[in-house]
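Presented sequentially are two complexes of chain A, the first with chain B as partner and the second with chain C.
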Partner chain A sequence: MLSALPEAIGILLSVEGILVLVLGTVLGIILGAMPGIGSTVAVAIVLPFTLTMGQAPAILLLLAVYAGSVYGGSISAILINTPGTPQSAATCLDGYPMAQRGEAGIALGWATVASVVGGLVSAIVLIFAAPQLAAFALQFGPIETFALILLGMTCIVSVSTGSVVKGLMAGMIGIFLSTVGGDPILGEMRFTFGNWQLFAGFNLLAVVIGVFALSEVFIRASAPISRVSDLVAFNGIVLPSWQMWKGRLRNLTKSVAIGNVIGVLPGTGAATAAFISYAEGRRSSPNRDGFGKGEPDGIVSSEAANNAVTGGALVPTMALGIPGDAITAVMLATLTLHGITPGPKLVEDNPTLIASIFAGFFIINLLLLPLGMMLSRVAAPILRVREAFMMTAIVILCAVGIYFVRGNPFDLLIMGGAGFVGFLLRRQGVPMAPLVIGMVLGPTLELTLRQGLILTDGNFLAFFTDHPIAMVLAIAALLALSLPLWRGLLTRRAA
Partner chain B sequence: MKMKYLISTAVAAVIASSAAMADGFPERPINLIAPFNAGGGTDLLLRGLAPHFAEAIGSEVFVSNMAGGSGTVAASALQGQRPDGYQLAYMSITVSTIQPQIKDVPYGLDSWTPICSVAASPTLLFVANDSPFQTAEDVVEAVKAEPGKYVYGSSGPGAMTHLTTVAAFAGLGILDDMKHLPFQGSGPAIKELTAGNIQFFGDTEALMQRGDFRPLMVFNDTRLENFPDTPTATEVGIEAPLNELYLWGGLFAPAGLEPDVTAKLEAACEASVASDGFMEFANNSGTVINYRGAAEFDAFYRAQYQSNSSLIEAAGL
Partner chain C sequence: MQRFANERVIVQMVLLIVAVALYASTFQQSFSASDVAQSPMFFPRIILTLWIGLAIIALIQTLRVQQTQTPIASWARIGVVIVAALIYTNVIGAEGFFLPSVIFALICLPAFGIRNPFMIVLFAVLVPGALVFLFNHTLGMPLPTSRFTYLF
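Up next, the complex of A and B:
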């Protein structure tokens, strides 16, 4: 494949190649920043345009939009506390407090650099280690995935600002919401009360937007009108200097690694990676005490991990023909339309195409930096409007985004309901991030638990005694849960 | 006299207006609804068909997605709409004939005006290429020797992939000695078939070629061109109605569509399915074109609805 690289670079440096890379990335960043659109829909929007393109440009356009949208989600997360995509929900936790302190520019700077590093490393890993990593992904059956999700669930404790009990409550609400709709094993309907609108369950994006963005609007609307006209002081991205990275590089490295590994495993995804990485940062970062109050390490943990997932998710897609997530599934479908059969022989049979895809993916991640800075400068004046206008605009943007995705007015009701309930819960000090974690991880937790029980004939202990990887992950989950308790005991004794 | 005149003008007016309605059809853009997410197989097929359909009907045509509940959310929403021909859904065998028999949905056999069928692919039962099973007899022998050991996968309960494996193993009389492991979509299932956590899976030829897999039988009336050595389910000893399974789909409008409008849509469908552009698309995407006109598709759909109930019973859904 590497021998095909010169020819591949020729494709990338053609007029069409450059246009596709730049425009695709710009479009991806914008769509990702729009609340409610999400990466999957962003990719689907450009899909019809790829039908008339050549093989390599078609896939590159999808990749550019994909990587751009994952990064773009962080912009609205930081500036208006609205995660453009669920994978940016963890970015809100520290990004928005920083923006409120007037450090929006530098917060976005951290997010941008972390995203670029995460994406670039994942591109390099993809180019050099795809076959080996794909073999590793095959080791992850339902039981191993269950153990990984269990570890992910322990994040609830670390993102529960204030009260852990309230955080756990929110997590349980999230898991409960995820059980509405079709039973994944038996196909029967649960908690739908005969209403077909609920057959598909609650729309995850509608709930995420509701509890983060709408509830924020409600909270501001219920507060006295502020005299200050601008919400957050923002004049474009400010990149963190080298000195500011001191003591943070370890956290960056760890986050990139977490994103890469989780990306490779089918059935998990960027939101899971961002939360697990955030929890790990909160556990091990030297700056952990500031997490949740506007600590750059929190942004770095989340953003480096979710962008590293993009390259990771391409590993099983390219090496095995198995989509790593919903977005890579769209890419596989596009390959098929261009007369290419995805599968284990994909790389062998199409060396030039794959080389240009891999090299193009690397360039796309480089482009995130200048294009992100440019776009944020364009966005800056928009944020200087009066608070009332801004809040109205947020509500409209969220509503349009949510309606656009499935064309179903019922989703707007869900969003509104989630916003109101989120508002009531937040006023009682219940954090919303655990609710989102419960909803994101809940379906996979249930599916893999029940799949595992089918495979082991109902023997839960065999999950761990027969599966060493699951055992290790379960022990890690136990440690993650008990370490804060242990630390708490130690400090109490010291005091 | 006056009364008679009034009635006759009224009747004439009604006839004229309905004729005018069909004459004028289509006056605005037609919406083709994909009941699944953008980027999936159904969505791509509709997007491939839409430009040719638009050309044939002489109006704008746009594709929209309304995913959820294995396609039942879109079908349930369309079922309550006015049958004016401006809203059509592409529904598969599962959305139109299986789901309404296993779920409490607001639609059923008589909710639709079938317009045309577009595609139909037979399904195959397959194993990983390094599997010890060469024939259906090998499978029966192994399963009987160790009941409860072997696992078949599906892309979800009640999906075509599920019915394929159920038809195979119920037909061979070993269904109760095996375990069913549902996944969400075919992608994760073929990963586990590669990894060895499941031993059997059933899907179309296009999907089977995604991996290093080997077919054991095909649910078609004849052997497939690409796999001349793979027996049909009938040859293996599986009896009707379990021996032939096709993942088919076509365009449906809500019940009560005017015959004139149906005829126009049917003609446009026939022309677009036969167009060079769509043929090329089908060839690239592995779609097996199978056109049926409105009357023929209606009869086929109703027969399938009835015969699939025995499959549903065998699957225990």
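Up next, the complex of A and C:
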């Protein structure tokens, strides 16, 4: 990968590379700051526009939007007490009280520095951990890959907020949707019911945008119209001085570590990391008494952890082809749309792409500092834009984006249908992230299962008895699946 | 009665019926593969069986535990937005991007509570217009055009 670094730097320093990094980060910060859009919808809206780009710029644009939106969420959390993204919910607890005291600038300063540090460390973790993990995974045949995908599927349990059963069902619906169209081994048509438009299967992007972005618009339309929140006095970001960091560096280090570790675990996500880190900060910080009343350590705990998740979550995504959450599932979908097969061979087969992604991700996190300082002033008035304009614009932008994927109006129908079904399912508490994860991992799961059955003459047990790595992975999958269920059972008994 | 005929139960029932219908449909197609494991329907049947099992558990849970559902603030608003969005995504291919987008915005903005007619018209024309200008006339990536003119 190191040998590919000069070429990767060339890509990053090209006009397209610089534009993508800067515009993506700007867009991410602004979209992340808008309450209700969130990182997943932000990435989903931008995704179709990447189809005209090269592989590296496309992924870099999404990464920039992702990292930018996670940071951008803190702007609305601090200025209007409404987290732009769920991952910034913990930031409200101390950010808004500080803003009410007239310290909005310094509160955003703490958030910015913590986010940048969290993001940069996670980029370093990504650079070192992903190639090692991928190198180990290169020993995997179809059976080990099948067990690995099974393990990846268990993250469905973690991302199933509310009901594990409904999350698993959404996962099954996603896997089923991935089977529509040509059979991966024989090429025979399945579940097309004579409709030739379905021969190539459901367009993953149309489904993703439908269930995330369009259904969000419908959810908003079904809720009471929100009032524009009051903005506190704000005159730009004020960075905390070195002196102010005294006694807080330990909390920062701990929060960054928590974010990285949680990020690598599939399915846990930035919101979980932010709250765990906040709880740990509240327990161990020397300034714990001030938590919830406008204590900078509270902001640092939340923001350092949620941005540290971004790089961590990319480790299993890039090294193994296993998405940790909905956003990384969308990233994998983008790789597929650009003709790249996600998985352990990704690092070996595409060294330039991987080197530019890793180096680009580091630069994106560096850009958060100057761009965050510049944009926070611009983003503040945007927070006052009425929801109606945002929602209408989202539908129009989604339609444009989906049309450009294949130029096929049928995809717009799929998007509309997915949006409606997504709205109905979300109202019943069925999470949408498992559906997307199922749709992304489904084809590989089926292919490796059937290849494995050919290799073992139809003996499924031999998958585990003859393949120790597969057995270890399967046990890990079982544990990952049963632990949350066991924990839930214990909690219910205790209640 | 309310316990058995509410939105949650109906949606869970529909999910179960769809899964069963899809499972039944797997037996109505014939394929060339002789080996069961290599049949194109082998994997979908496993997934549909799991879907059916989970749908039954979810349905039982829904019937046993009475959960409060988030109420719809305005049926008229959600109805208008959903119907407008579904029609909009349906007609872009035939009627072009610009006109359906303008009409969609003209319907959607008042539904979301915007009452200023100037703002409604301005947004409805400006946003789709800017996108048409950007994609059709600047980037050279044409959006679908209407039957009336090739310009938009």
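Simple rule for what comes next: the second predicted complex is superposed on the first by the 277 of 495 C-alpha atoms of A that agree within 3 Å, B and C clash if a C-alpha of one lies under 4 Å from a C-alpha of the other, contacts with A are read in each partner's own complex, and residues count from 1 in each chain.
Keep this in mind: a residue touches a chain if its C-beta (ideal position, glycine included) is under 8 Å from a C-beta of that chain, and two chains touch if they have at least 3 such contacts.
Given the structure is predicted, the values throughout are model-derived calculations rather than measurements.
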item	value
First, second, both or neither for A:Ala111, with chain B first and chain C second	neither
Partner chain in contact with A:Gly181 - chain B first, chain C second, else both or neither	first
Which of chain B and chain C A:Phe191 touches, first, second, both or neither	second
Which of chain B and chain C A:Val217 touches, first, second, both or neither	second
Contacts of A:Pro344 with chain B and chain C, given as first, second, both or neither	first
Partner chain in contact with A:Ile454 - chain B first, chain C second, else both or neither	both
Chain B versus chain C as contact partner of A:Ala355, first or second or both or neither	neither
Shared chain A contacts, counted only where both chain B and chain C touch the same residue	183, 185-186, 454
For the chain B and chain A complex, residues of the former touching the latter	37-41, 43-44, 47-48, 64-70, 72-73, 76-77, 102-106, 148, 151, 156-158, 179-185, 187-188, 190-192, 194-195, 197, 206, 209-212, 281, 284-286, 317
In the complex with chain B, residue positions of chain A that touch it	40-41, 43-45, 47-48, 51, 137-139, 141-142, 181-187, 189, 194, 196-197, 199-201, 266-267, 316, 320-323, 326, 329-330, 333, 336-339, 341-344, 406-408, 447, 451, 454-455, 457
Parts of chain C lying in touch with chain A, wherever the complex brings them together	7-8, 11-12, 15, 22, 25, 29, 31-33, 35, 37-38, 40-44, 47-48, 50-51, 54-55, 57-58, 61, 67, 69-70, 72-74, 77-78, 81-82, 85-86, 88-90, 92-94, 97, 101, 104-105, 108-109, 111-114, 123, 127-128, 131, 135, 141, 143-144
Chain A - residues contacting chain C, complex	52, 163, 165-166, 168-169, 172-173, 175-176, 179, 183, 185-186, 188, 190-191, 214, 217-218, 221-225, 386-389, 391-393, 395-397, 399-400, 403-404, 409-410, 412-413, 415-417, 419-420, 423-425, 427-429, 442, 445-446, 449-450, 453-454, 458
